[in-house]
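After the structure tokens below, expect a handful of questions from me.
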Amino acid sequence: MSDSSRSVEDILEAFKGGDLNLDAALEEIRGCYFQDLGHSTVDHDREQRTGAAEVIYGEYKTPEQIAEKFHVLAEAGRNVLATRVNDRAFDAVRERVPGTEHHPTARMISLKQVQTDRQSTAIAVITAGTSDLPVAEEAAITAEFYDNPVLRINDVGVAGVHRLLARIEEIRETRVIVVVAGMEGALPSVVGGLVDKPVIAVPTSVGYGASFNGIAALLGMLNSCASGVSVVNIDNGFGAGFLASTINRL
Amino acid sequence: MSDSSRSVEDILEAFKGGDLNLDAALEEIRGCYFQDLGHSTVDHDREQRTGAAEVIYGEYKTPEQIAEKFHVLAEAGRNVLATRVNDRAFDAVRERVPGTEHHPTARMISLKQVQTDRQSTAIAVITAGTSDLPVAEEAAITAEFYDNPVLRINDVGVAGVHRLLARIEEIRETRVIVVVAGMEGALPSVVGGLVDKPVIAVPTSVGYGASFNGIAALLGMLNSCASGVSVVNIDNGFGAGFLASTINRL
Amino acid sequence: MSDSSRSVEDILEAFKGGDLNLDAALEEIRGCYFQDLGHSTVDHDREQRTGAAEVIYGEYKTPEQIAEKFHVLAEAGRNVLATRVNDRAFDAVRERVPGTEHHPTARMISLKQVQTDRQSTAIAVITAGTSDLPVAEEAAITAEFYDNPVLRINDVGVAGVHRLLARIEEIRETRVIVVVAGMEGALPSVVGGLVDKPVIAVPTSVGYGASFNGIAALLGMLNSCASGVSVVNIDNGFGAGFLASTINRL
Amino acid sequence: MSDSSRSVEDILEAFKGGDLNLDAALEEIRGCYFQDLGHSTVDHDREQRTGAAEVIYGEYKTPEQIAEKFHVLAEAGRNVLATRVNDRAFDAVRERVPGTEHHPTARMISLKQVQTDRQSTAIAVITAGTSDLPVAEEAAITAEFYDNPVLRINDVGVAGVHRLLARIEEIRETRVIVVVAGMEGALPSVVGGLVDKPVIAVPTSVGYGASFNGIAALLGMLNSCASGVSVVNIDNGFGAGFLASTINRL
Amino acid sequence: MSDSSRSVEDILEAFKGGDLNLDAALEEIRGCYFQDLGHSTVDHDREQRTGAAEVIYGEYKTPEQIAEKFHVLAEAGRNVLATRVNDRAFDAVRERVPGTEHHPTARMISLKQVQTDRQSTAIAVITAGTSDLPVAEEAAITAEFYDNPVLRINDVGVAGVHRLLARIEEIRETRVIVVVAGMEGALPSVVGGLVDKPVIAVPTSVGYGASFNGIAALLGMLNSCASGVSVVNIDNGFGAGFLASTINRL
Amino acid sequence: MSDSSRSVEDILEAFKGGDLNLDAALEEIRGCYFQDLGHSTVDHDREQRTGAAEVIYGEYKTPEQIAEKFHVLAEAGRNVLATRVNDRAFDAVRERVPGTEHHPTARMISLKQVQTDRQSTAIAVITAGTSDLPVAEEAAITAEFYDNPVLRINDVGVAGVHRLLARIEEIRETRVIVVVAGMEGALPSVVGGLVDKPVIAVPTSVGYGASFNGIAALLGMLNSCASGVSVVNIDNGFGAGFLASTINRL
Amino acid sequence: MSDSSRSVEDILEAFKGGDLNLDAALEEIRGCYFQDLGHSTVDHDREQRTGAAEVIYGEYKTPEQIAEKFHVLAEAGRNVLATRVNDRAFDAVRERVPGTEHHPTARMISLKQVQTDRQSTAIAVITAGTSDLPVAEEAAITAEFYDNPVLRINDVGVAGVHRLLARIEEIRETRVIVVVAGMEGALPSVVGGLVDKPVIAVPTSVGYGASFNGIAALLGMLNSCASGVSVVNIDNGFGAGFLASTINRL
Amino acid sequence: MSDSSRSVEDILEAFKGGDLNLDAALEEIRGCYFQDLGHSTVDHDREQRTGAAEVIYGEYKTPEQIAEKFHVLAEAGRNVLATRVNDRAFDAVRERVPGTEHHPTARMISLKQVQTDRQSTAIAVITAGTSDLPVAEEAAITAEFYDNPVLRINDVGVAGVHRLLARIEEIRETRVIVVVAGMEGALPSVVGGLVDKPVIAVPTSVGYGASFNGIAALLGMLNSCASGVSVVNIDNGFGAGFLASTINRL
């Protein structure tokens, strides 16, 4: 946005040296501050660590808009991730941008052009049932996009708790755990009681009747009797994956 | 209500024999039917099996009303159970009726005057946490009042699932299982996946914030991914104990 | 999953006898425990009684996935039940698996290959209105699949209570009662007051406006003033039928 | 409020006759219209029929305010009714106004000074349980205050439907039926199916847990499968009694 | 259902006379009572007054089912009303049954074959906005079907209260008033304050955002500060029209 | 509606002068009052200021109805605005009425035929994200239609607060501020804390999961910790724009 | 907070002149910006116009904390307003600070020490019922504190619409209108349809049952069919009064 | 719980060596597994790192129960933390256990007896308003109890965003950020957009009216448009502090 703008320090010196009059100096200093606050700082840090990734949220965009935005970012040499992409958008991006990777279950498209350093510790992504897979894959692909190893464990819901127990040692070796569940949303509590790592719970809209499109799972997770569990929005696989990566890369 | 009333059969014969005119016969037959339908039939069956128990729901009654009602039923030689009884009502009943048993945790008073046949198979009453005990005890005392053996297992919530697993064999030996839990209400799902007996889930109002006085637990239980689980009202320990007894005595 | 695995006892003896080294013994013992806990035990019991039935939940699966899963289980000689099956899935299974029975109202497909012992006592499945039939049939077919006799009584809602009363004697002869109702969901309370058997209430999403897709019926049932009533999720006919069978076969 | 004001007709004549100038005529005509619209008209009709009754809603008023307002209306020779009155207000009114009648269950105070014509047809007020009595009495006392005969039938909830059936003939002889119920609120549906008179359903806040202070009963009543049922606010006994009287006096 | 069955009186005499043995007499008497209770009594009354009308609720039925049911009832010489009928059902009925009247706005079909006595007093059906017309027409057509004169007043919502005031005298001449409104649902309160007749409020799902498909209107109406207002379910025009007719014909 | 009607003053004089008998005078005076109250007065004011604008709410109307209504108003020489117009309605109006302006993002059509005086002070319309644009444009176009200058600022949501800060001086120069946001709806609070002008908050249904179609944003805005913020219905861009214009033109 | 800090301009000149080294200049400039953004600017404007008013929100504070804070601000010569003050806090402030004005109905305390310029145009504050007075007074006192004339109109709810109509001309002469109503919350819609000024609707928690502590009123107001209406939080009289003043002083 | 129990390895060798018969070996091995699963493993890890801390949740316990439990743990040489402690419990613990530290704002009591290693990186705990302090202090004290440095920043809510910006550099130097806010709950979104660290959002029940005891804040946080934000239960300061410590100590 303002890569070419100089620092406050430089402006001060320019003003002192007479290269800049008072009004221009005031104007330019003000611009610095608004850019320095918040976003740009964050972005610079993030870019250096993650390879300048950009995320396109596909929900309210047409296939054409997604393809166009993807194309522009790809041209700029960035790593790009698109979420909530439907079939027509898959085709639109494929036609427009070469070299993309498509993840139909997760409804995502990724493009990796810049090499970033791979994290050594892993993130676990666990589902209660196979119907939770689209959300879980959104989390897993996001975590992988930011160069984290991911351990996927599927269909270990609480109605057959031995399935989880059989895999618990593997899970304990990861550093952050994403647990994805619909219906009663109880899995994060059980997992949270078996590990001492941060657990990110993702309620899904899987279920019917009194599941109320994920409210039951959401409330179950917020009321988890296990410490160390926090919750993101219903079906927010991307948010969980991003947060897991943020924690894993600390 | 109509212990002295005769059967339709007797009325018909009396009419045929001229001991009853048409109007009187019609009137009396009509009375029979309204009594035969529903309640009285049920009550007779129930009485014979359970020892003529009567239940006083204490919620909207004054201590004096509870004591009076208890006294009348006790005088009639019945077995009596009072639920949702507060401290002042405990005292009022104690003064009025000798020989009652008081259950402060369950907030109940019982009186057993008629011997009934004891069921050989047991009912399990399991809690997720110690805060769920009042509701669980209401279920357990109810089940015992109707002469069922009760296996109590306390504080085996899902955030420490090994505690449940350590007791699962005992639980499997019972015939009906009542699971009492607040907060996320996940315990019935886990239990339901480990046994092949009917599980009656009782959500409690234990919790805070997004537990919404038991709604989170209620929804969790209704959405249980385990088959064989059904749910009663929030904090309805009596209903769960009564239903468990009904099933156990089938 | 591990039909060929030996018991802990056998492993200990093998280790003592030197047929197994320490590491292998530890590994194998651990495996036993995870299998012994929960699912496998349950499944063995269930299989023996019910003829190795498997249930496919069709909601989040494509017709092809349902047909494939059905095919595999049928090939294995199991009894198979598929729920929430749409028209296209009916066709897909019919093409793939011979000898299946199709239940369009219940949206189910069943295959009975293994003979199981028929229960002598019956389950009643009662509806408030004809619009509740799909859910009721899901319960009834499920109960029949597990070899329970089923008494179907349709359209006896509380706005014409004489219709129920005219059939109450038949209902009293069954051992477990499933009551299916939408709108105000009052039928289970009325039935519960007329019988002394367990009543499983199934709210349906039938209704409009303030029925809120079954919430009104659900709340009505949870607040039933009749004892002995418990509730399953909205439209959960399968769960009710399964639980009824579990109770009936105790 | 404006008993002494003349009609538009009189004003016109006065203006024509010169007794009134233009401005005064305009002003006075405007006043007439605002009085003619709505309230005053209604009140005049109502007064003539019901004996100039006034109702004091006690909820947000202090005992002193209630007593003062009651005193003023009594002095004016009106019939007066106060609702939602607590113990201290009972005393305050008793001290201030002689001849009042106090209804503790209904939490009401009435004063009848003007004779009104008694309606020949009756209003039935029916409760599901004894806990619903305060609301039912508010309805019954209101109906009686407006000079309607009232048939009270108590504790005939749907879990013992024979109790209602035993009284149905009496109920059928009334002209309007008020049905008061908490918990699942199913009684109006059952009554509505047995009569062909208007049924006014009053949900009460009686219950616990998922009754949500009367929401379950309210929803149950709104979804009634019986035609001819309408609903008032939770615990609104006065509204039901007033409407029943309005219908009965048509 | 049992038109040919004899009365209890006749059965008694037949038994006395020996034409019937005890078992047969008992059986037949029981049958009488179940028919006498409730529905049949009601229906006979209703039929005589209203011309044997039958109502078909079209919501959960296919066009073919609606047409078939309509045909059968028409053949039996009944008056028939079908509600919630879509375009395809209109065609299906038209093909099958001659002489029907179609009401597209109300989504209803009626057939009048039996003459009934016309009520002299009218019912007002008032809407807040033109979008409320389908529900209002459902009420109006229903009222007319049961032979009540109907005064239709449209689009007099509270945001232009003078429109209502201009018609208030006409409204006051009717005997029952149905008020149909979506959005904030305030019209029944205003009308209720201007008349002394029963007001039946019908919330509609008209609106968007925080109208929550009619919940805002429903709550507004339940909380009406005007006495004499009661409420039916969201969009329940039929229920309001039927109740209005019931009251008007008292 | 009654442009030709005379004033009460004139009627009085006519009556006095004998040109009008008593009944006619009474009738005509009554008509005046009902017209004088409310609407007509308002409309006259509004028309003079805004150029006789009429607004067509397109939601529940067919394309043909919208086009017809638009045509009639256009013929009458009015300024016309149509909201919530879909693609087919765009075409229908275009064919029928020449000279209209179409606003696809806002889903509106406008026609300006009468010149009105342009307000000198501006209204700001600010969005949190680009997905909020349709609602924001509805507000902006409405404000412009009533001849207010509009400052549009897009995509300055709170997750990048520097973007807002960079534009805050421009915003402070406007006189009324409309803030449009979905998801957590936090932007109005931040804006409200930075300005001393009235802020009209518009929640949008943008979001998913626990946004509950705008409820989260609505609640966030109602609970704004900034003074000077008020809220309109979810997605109600028109209401916000109209209110902003009303304030700006004070 | 930083009254003694110099402007960026001054700092630049000081740096240029050598009175400040680079680090000190950078530090001081940064400080300026954080102060310049938002609050301080606003406050300075506000202070000059309104007499340096400070508002103490009393809800979560002890009487001692309120008195202490009030004392400090009074000592500083400010105008002070405290809201949501209970009886004990009234006494605590009275003891500590002389010259305060107490408003028991509004639960507020005010102190006016600095003269501000009085607004010539008035704000109307209207209530539906007398129970709404505390909230209305909070709005009115707030408006007066900021030196706006206030027209109070009480108890003109929609169930007696003539009461409002009788005062509508007065209301039309004000510039901003605050309408306070509980129960069905319909009054703002009616007022909004009769005036062309901005209407600020304040729902109150007055009511019972399905009023849900103000939700019914809130929803009613959000769905107002009148344009020009916006809404603040339930019982937020202060917010409404402050916003009305902000608009009135534009 | 089982410190003295031997490993499976040791048991196997003992069995092989004949020191243990088959039954005893089977029994002891089973015991191991139930201990090894879950809790004990976790606890050992946790104990070593955190100094064997135990947490007493005070909500449903009497002062005596809290004091007794605290006493027992203190005697055992553990570090102890009690939450949700009221005044009477403070006194009870003080009397019973010497050396405890009391935190009245946070309603906590802590006892540190075992030295643990202090984390070098800090946790930020930020509040929107001073009313959020009790919950924030619960988080901060918890974090400190587990030996994390804590940066407290108070009263930087979004309605004065410059207050947050003035402290943002300090915040960026911490490793995990807890943000505590009631009302609209917008602060976590703003913070989340300014940092690249994990943000744990804690909604509080601070607010009134449409805050619905924290629901508004909870929904706001779940819908945060900033990535990297997750949420815990309303008022769950302990959970946030514990999770922050878990992440900070990774």
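Here the chain labels run A, B, C, D, E, F, G and H in written order, and each chain numbers its own residues starting at 1.
FYI, a residue touches a chain if its C-beta (ideal position, glycine included) is under 8 Å from a C-beta of that chain, and two chains touch if they have at least 3 such contacts.
Quick caveat: nothing in here was measured; it's all calculated off a predicted structure.
Undergrad: In contact with chain B and with chain E at once: which chains are those? Just list them.
TA: C, D
Undergrad: More contacting C-beta pairs: A-B or A-F?
TA: A-B
Undergrad: Among the chain pairs B-E, A-H or A-G, which one reproduces the interface of D-E, with more than half of its contact pairs identical by residue number?
TA: The pair repeating the interface of D-E is A-H.
Undergrad: Let me check something: if the centre of a chain is the mean of its CA atoms, which chain is farthest from chain C?
TA: The most distant chain relative to chain C turns out to be G.
Undergrad: Quick one: chain D and chain G, Cα centre-to-centre, how many Å?
TA: Roughly 39 Å separates the two chain centres.
Undergrad: For chain F and chain H, let me know how many angstrom lie between their CA-based centres, rounded off.
TA: The computed centroid separation for chain F versus chain H comes out at 50 Å.
Undergrad: Where the CA atoms of chain A average out and where those of chain E average out, how many Å apart are those spots?
TA: 55
Undergrad: Going through chain B residue by residue, note those that touch at least 2 other chains and give them in order.
TA: In chain B, 37-39, 160-161, 165, 193-194, 209-211, 215, 218, 222-224, 233-234 touch at least two other chains.
Undergrad: What pairs of chains are touching here?
TA: Final set of chain pairs in contact is A-B, A-C, A-F, A-G, A-H, B-C, B-D, B-E, B-H, C-D, C-E, C-H, D-E, D-F, D-G, E-F, E-G, F-G, F-H, G-H.
Undergrad: Under the stated contact criterion, what part of chain E meets chain F in this complex?
TA: By the definition above, chain E touches chain F via 130-131, 160-163, 165-166, 206, 208-211.
Undergrad: In their shared complex, at which residues does chain D touch chain E?
TA: The touching residues are 37-39, 41-42, 45-46, 165, 168, 172, 175-176, 193-198, 200, 218, 222-224, 227-234, 238-240, 242-243, 246-247, 250.
Undergrad: Quick check on the complex: what are the chain B residues that touch chain A?
TA: 128-129, 157-161, 165, 183-186, 189-190, 192-194, 207, 209-212, 215-217, 219-226
Undergrad: Would you tell me which residues of chain D are touching chain F in their complex?
TA: Spelled out, the residues of chain D in touch with chain F are 8-9, 12-13, 15-16, 22, 25-26, 29-30, 33.
Undergrad: Inside the complex, what are the residues of chain H that reach chain B?
TA: Residues in contact with chain B: 34-35, 37-40, 59-60, 203, 205, 214-215, 218, 233-236.
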